[in-house]
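Mind having a look at this structure? Questions to follow.
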Amino acid sequence: MDKKNYFLDEKPEKLTYGGVFRKIDDWARARSLWVVAYGTGCGSIELRPTFTSRFDAERLGMRMVGTPRQADVLIISGYLTVKTLKRVIRVYEQMQSPKYVVALGACPINGGMYYDSYNAINQLDLYLPVDVWITGCMPRPEAILAGFKRLQELIDSGRADGWKKYIENLDWYRENQRKIIKNWKMPNYNW
Amino acid sequence: MEILERLRERFEVLEEKVQRDDLIFVGTTGKNLIPMLVYLKEYEGFKTLVMISCVDWIEEGKFQLSYNLWAPKQKKNIIVKVFIDRKQPNFTTIYRIWPQAEVYEREIHEMFGVNFEGNPTQGEELILEDWDDIPPMRRDFDTLKYSMEKFGERAPKSRINIRREISEQYDEWRRK
Amino acid sequence: MWSKIFYAFLTLLGGIAYGLLLGGISRKITARMQNRRGPTVWQNFIDLWKLFRKKTAVSHGVMFYLAPMFRLVGGAGTFLLVPIVIDSPYLSNFSFGGDLIVIMYFMVLGCLGMALGAAESGHPHAPIGVTRGLSQMAGYELPFVISVVVLMIADKTATVEGIVRAQQGGILHWHLFTHPFAAAAAFISLLGMMTSYPFQVVLAPQEIAVGPPTEYSSTFLSYMFSGRSVFAMAKYLLFMDLFLGGAGSLLEAFAKTFLVFLWPLFITNVFPRFRLEQSVRFFWTWPTFIGLVDLLRISLMR
Amino acid sequence: MAFFVASILLILIGLYAVLVKRNIMKIVIGLSLMDTGVNVLIISLGFIRGRTAPIVNVKDLLVNTSSKVVDPLPQALVLTAIVIGVAVTAVALSIVMLMYSKKNTLEIDEYKELKW
Amino acid sequence: MVNPIVIIGITLASAFFIGILQAYAKVWARVIFILTLVFDLLASGIVFYGFLSGELARPISVKIGGFPPPIGINLLVGKAEAAMAVLIFSVAFLGAIHWFVKGLPQPEGKAMVLFLLLSLGATGITFTGDFFNLFVFIEITSIAAYGLVASSRTKGALEAAFKYMVVGSISSTFILLGVVFLYKATGSLNMMDIAGKLLGGISSAVLALITLLILSGLLVELEVFPINGWALDVYQGADPVVVALLAGAAVKAFYLVFLKTAGFLPLSSFFSLALIFGGSTYLAGQFFAWRQRDVRRLFGYSSVAQLGLLILAAGFFLNSALASQSRLMIGAAIVLLIFNHSFAKTSLFLLADNVKGSNVEDWAGTLRGNPLFAFSFTSSVFSIAGIPPMAGFWAKVLLIFAIPRQYSWAVALILIGALAEVVYYFHLYRVASQGEGKEAGGNLFSPFVSSLLLVVSVPMVWGIFSRKLSIPLNGQVLLLLGISLGIYLLGFSRPLQWLGSLATLGYGIYVLLPHFKPDLSGFFLALVLFGGGALLIATYPGSKKLPSTFYPAYLVVVFSMAGVVLSSTWLSLFVFWEVMTWSSFLLINMGEGKKAAWLYAIFSAAGAYAMLGGIYLLPSLRIGVGKVPGLLPAVLISLAFLVKMATAPLHIWARDAYGESAHQFTPLLSGIMSKMGVFGTALVVVYILGVSSNPVFRYFLGWLGVLTAFFMTLLAVFQDDLKKLLAYSSVAQVGYILLGVALGTPLGWSASLYHTVNHFFFKALLFVAAAGIIYRVGTSYLPQMGGLIRRMPLTFFATLLAIISLAGIPPLSGFAGKWLLYSALIEKGWIFITVVAFLASTLAFLYCFKILHSVFLGQLQEENFNVKEVPLTVALVEVLLLLPLIILGAFPRLLLDPIDKVLSSLPGLSPAPIHYGRVMGAVTKLGHWNALFLMVFFAGSFLIALVFFAITSARIRKVGQLDVGYSGEVPRSAEDLHFGYGLYEHFRKAVGWLIYPLVTKVWKGIYEGINALAEMGRRIYTGDVNTYAAYVIALSIIILYIFSGVK
């Protein structure tokens, strides 16, 4: 037996979105957002007050979880270097659908103050489907909460479908990703 | 300061500067560096290597390596500077004196292309994975051009609805 | 027969629901104590539904696949073996299936199943969590067993019904008051069983990502979730039956389990965390000595 | 009585040599002395004052011989014992010779390889 | 009829001729040498046969020189003398053959002459009827021996000869003096004459002194402690053939004289003299050998010890206060001891000649690949250590059982010495049987013949003595044991051996069918035979690597266990017990263990000898007959069983013996053999202790059981070797069984018996699975496995069910035992034990998870990618053992009903007070439990949940084994992700102090202490001639002073 069995090398199927319980599902999903506690940039420091007593994101039904398997939301908290991007892609792909991406700050949108850096990416949505952008450098917890409110509205109305788009256009995303990640040392499908 | 006198007695000191009471700069030649560091470590109490940094003097055609040492008892810093040729940036490692130097040297190698002979982990990726250009911290490296080429144009500030544009890109890509 | 099964099923659903509700209440109370608003008390239902209705899931193998069922069935079995309302034909559920010894061993079945599934996931955190859990179990089992043995010897029966009957006739007949030391030991070990805060290193949500179920997701996790809540309910019920005199009616059962539920909750919110060896040492010293007082008393009185 | 004392003395001297001397040759001599002492003792046991040697001829057989001669048996025994003693001494000396040829010493301390 | 004088005359003459001939015709000298020995052997054999056949009723008395006995010298040859002559000449013959095979020492003529003279002298010593003649023969023997020793080419021979000569001279001086004084005092030298004169015992103190003079001279020759330094030096330094003749034959002649002298001169203090000197020599010899590194000297110590035992026996033999029946038994014992020791020691010394180097370490590997060597060595060692079926066993048993009760300390002494003997002999055995195979020299004819004599004598000895002692050994079992040994002949083909063993076992079941009765024996017999048969199937894979003695030994273990359970007397139980122990020792020794088998041997021997001591104290040998006074016999007998169960302070052998024995054997060892301990303890509790009496001792036993369970479980938790972990677990589970037996209530007993069977099922299953896994994976180290569920699903399933059973989790079969046990404990009211038992079974979950996780779960390691499912036979046995776990889980009554029948057949016990209702299931006074309901409920609801899940679940992707949430990293290898090593480190921090190896250290301390004492003790042998001589003198004076009664 070769090492192939270490990772699953099979393209994921496209997912449908609907069914009898769709309304209830969306309602529940919106009110139970579990965030993977993966601090990618400077903004992760803003998440601590967001989730603790002062701003209390838990009242929105949000929780931090330690593993991508159980999480619904991936927060990109600031700039992403090439090195981090690889990990973020893997974490995102290990999350179970439906899943959402929230990007904090200017850097993921257009590079921000690192627009000319040799190592920070300029535009996150080329690589991952972002559902909500929260601008600022960095956005304060109030802003983050407002962003999550927006995410909840999107989910409630069924418009937060980045996870579906990602699978549908996986090849496009892969092409973009491979453009900057020259040495693709990851499995083809990360879950 | 007495320490400078003692250093002068023993080694070739090219330049010296007392910045503060507890911070001295000393310049020396490449040959003298390791004896001087050993001397400072063993006899003057500079037990700790705080860091190694590098400056690119592109005009002079030189790299400046600064070894920042710290004497915990006297509470003093000394920075030993040494210049090396920019065209052939080869130098010896000091990781046998301070094992932690290994990582600093690895980083300097990655960022400046300085080659520390004898460093066991030289050349392994530290921060830059898959780097494909000249070392990025050299002053002749055009970071903006590189960024634009690799990560794409900076999106115009006026753009509001990103989602729509991405969808267009999907469609465009599909049509190809 | 079939009606009995039907009622048992209903009771089970009720137990799960009540367990989830208690979980929500606990989150709410914790939040209030931390000067937060906190989620609604129904939050656990929402979470459960969301997990249940996730679109995708991953599996690592057969045991991984079966473990949530193990967990749920183990929890449900324990829950149904403990009589809720004594002498009620329906609400004493399947307590004819076994006595206290059976219950204590049946409890392990669910945990074992979950441990196996978790371990098959191949994630190193899972066995870390499992071994911590088992070690802690070895810790709290000692005081718990001491108090259980005290009760069995004192009441000369090993059945839960028998123990409940022995406590009838007024609040002062409760074992909580007749055997205060044994009760204290058991209630301290309840903290360990519920992995509430001083003894919470088993799950350690941040460090080892909730330990055993770290690789579980989606529907699997929802089964685990409901299994855990019904399991917690089983423990509350057991403690109610052992120390609080059982219940004569459903309402009383609700109230008394709520009382039992409050105890770890209050502890959990004001304490930091023990390391594992500290918690084992703690269990093998203080609650054990407390329990031994009653054990000695019983053995001398006999 | 004198024989008695002398024999005991001989035995003791021999014993002394065996027990104390560190030279192998002396030990062998001690053994010989002991042997001789024992022989003397045996003879003295059979000796009866005023009697003659138990050499019997026809004339003596006519009279009451048994009251005239000493006990003949110890003497016979001693004859055998002497032979045996000589044999033992011979073997001992040959062993000593071999030992000396091997190690060129007769110190007993050199011959303590086998112990414990 | 041959005249004995002819033997002496011919030998003397041919010695003379050889001396002359060897200068001219060497070949003829050799021929005459051998012919003489053959003639002597035949002649003495004819005389001996004459005595045996009854042709000669009275001793032959041969006049020499024409004078009638009182005045002239005569030879007096009786049965004993003739036998001794046969012995001497057969040993001499074997030695001579060995010389011829290996090459005669140079100069060969002299060596042959001296050799003939030595055997002649020894014969003369035996034959003579005259004291002075005795002295002469002693001197002939001695001088020949000096010469032979000195002419040996071995290192230190001269030195030894010199020491021998000095001490020998002193001793013969004593004898000579004694003889002469004797003549002076009695006027006679003829033995019979003197004996006639002194018929009523010695009256005068002077005579006593004289007797003692002779005796102390003889004691020097008999190598009594502490004046035996010279002998050890000779044994170490001289040519082994000479040593064999000296130790094997000449010394025995001296012993005969000693016996005769003491008999003719009835000294009143002889008894205490023999006891003191025999006992001290015996013990000193046995213990001083412990630290001996030189093998020949070690054999020397052993010889000395055996002589001590003989002297001790002589004391009892000549004590007229004893019953004649006992004295007869002791006489038989002496004969057996002499026979046994002579040939065994001859064999051993000649074997030592074949090994290069003299140290124990030089013996490493000599048994491997040398079947002849192994056979000779094993049978000799077994003979000397007195292990059944060898004749030495009967010697010990006869001796012990003949000693009257008031001298039971002597019995203790004998047994302790025997134990010490086992320690050093089996140390040597362990060294010799392990390590790289080594070429031993090829001169194995004589040792082989001499050990063959030992083996051949076995049936005869058994035929005589087992009838005499009325030990009814089960004939069917004996037959089966014989057939088992025959399996060895199929050794050329392992599959054939395997099939043959299966057939034999099947035949065994068929033969023993009538014994499957609902009583204790039948119960255990079924376990032994069916269990052994099932496990035998699984032994096939990998059996090619085992020695061809594996299957015979395996069958012997099984059938001797059958013998144990079918025994009707304690002594036959003991016999089978010993056979079982030592055959299993051989099996354990086939594994990789360095020390395991040795430790097992020591502990088993200690237990067995304690049991023998206990049996000695019993009023009747029949099981269940007679009222037993006091606790001591019960304690002693149960020691053996506790050892086999590896109960707490006696457990230290178990880990390695289980862990390092051959994988094919471990299931039997754990699953069935440890249950023999249970059987024995059950016998002790029922028939010796009584189920309702002795509550304190039974409470103590209960604590032993529960503490064993607790500590062994804890040790298992921290064990990283699969088989050793299972070993600890096995010991712990047997601790529970012991607890149940100790309870002595019907409920406790039914818990125990239930658990006995059930433990067999799951532990045998686990060990069989472990054997399969180890066979496939090639290691038993847990952290190196992992993820095997992907390759061995069946084994995983089997192991899982076994583990659930082991942990006692309902709904599988293991829970019934737990439930019964706790019910019994609470009913009995042993509260504290209950708590500890509960805790221990909780701790068991820890190692249960460890087994499952470390072997089957987690990441599959790269080196195990190509592992396949276990071999077919193993899988078959797994399934066979698996079914009862499930069936008993649902219907425990299938086993509990027969157990009730067994219980009602035992005195003092009744069927367990369990009622079986339809709804409530099993009901006791305390509680209730419905096994079937739990099973149905669990299976049903599990299925429902599964189906529901399958319908409602999300889309499930089966991912690869490295696809885990790893902080976004890509794991590089399975090894990084597998959590195998140090699984319970955190728990060790909390409770590590509980597994401090106290017991091991105590045992080790005892061992080291005895070693240090032995080391100190044997320093008295300084190797200095002066010292040796001084010892002789000092001791003789002390003997003369103390025992003569002269003040």
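Side notes on the structure shown:
So that you can tell them apart, the chains are marked A, B, C, D and E in the order they are listed, and the count of residues begins at 1 in each.
We take it that a residue touches a chain if its C-beta (ideal position, glycine included) is under 8 Å from a C-beta of that chain, and two chains touch if they have at least 3 such contacts.
Owing to the predicted nature of the structure, the values given are computational and were not obtained by experimental measurement.
Any chain that touches chain B and also touches chain D would be listed here, but there is none. Following the contact convention of this document, no chain is adjacent to both chain D and chain E. A centroid comparison over C-alpha atoms places D as the chain most distant from chain C.
Comparing the chain pairs A-E and A-C, the larger number of C-beta pairs in contact belongs to A-C. Per-chain CA centroids place chain B at a distance of 75 Å from chain E.
Annotation: 34 Å between the Cα-based centres of chain A and chain B.
In whole angstrom, the spacing between the mean C-alpha positions of chain B and chain C is 58. Shown for chain E are the residues that touch two or more other chains, namely 954-955, 957-959, 961-963, 965, 974. Under the contact definition stated at the top, the residues of chain C that touch 2 or more other chains are 53-58, 209, 214-215, 218. Multi-chain contact residues, meaning those touching two or more other chains, occur in chain A at positions 12, 15, 67, 69, 86, 96, 191. Touching pairs of chains, sorted by label, consist of A-B, A-C, A-E, C-E, D-E. By the touch rule above, chain A contacts chain E in their complex via residues 1, 3, 5-10, 12-13, 15, 38, 67-69, 86-88, 90-91, 94, 96, 185-187, 190-191.
Of all the residues in chain E, the ones that touch chain A in their complex are 862, 865-866, 954-955, 957-963, 965, 967-970, 974. Every residue of chain D that touches chain E in the complex is listed here, in rising order: 11, 15, 18-22, 24, 27, 31, 34-35, 38, 41-42, 45, 73-74, 77, 80-81, 84, 87-88, 91-92, 94-96, 98-99, 102, 108-109, 111-116.
On chain C, the positions that touch chain A within their shared complex are 27, 31, 34-40, 43, 46-47, 49-50, 53-58, 205-210, 214-218, 221. Listed in rising order, the residues of chain C touching chain E in the complex are 52-63, 65-66, 68-70, 72-73, 76-77, 80, 94, 96-102, 105-106, 108-109, 112, 115-116, 119-124, 127-128, 130-132, 134-135, 137-139, 141-142, 145-146, 148-149, 152-153, 156-159, 162, 209, 214-215, 218-220, 223, 275-278, 280-281, 284, 295, 298-299, 302.
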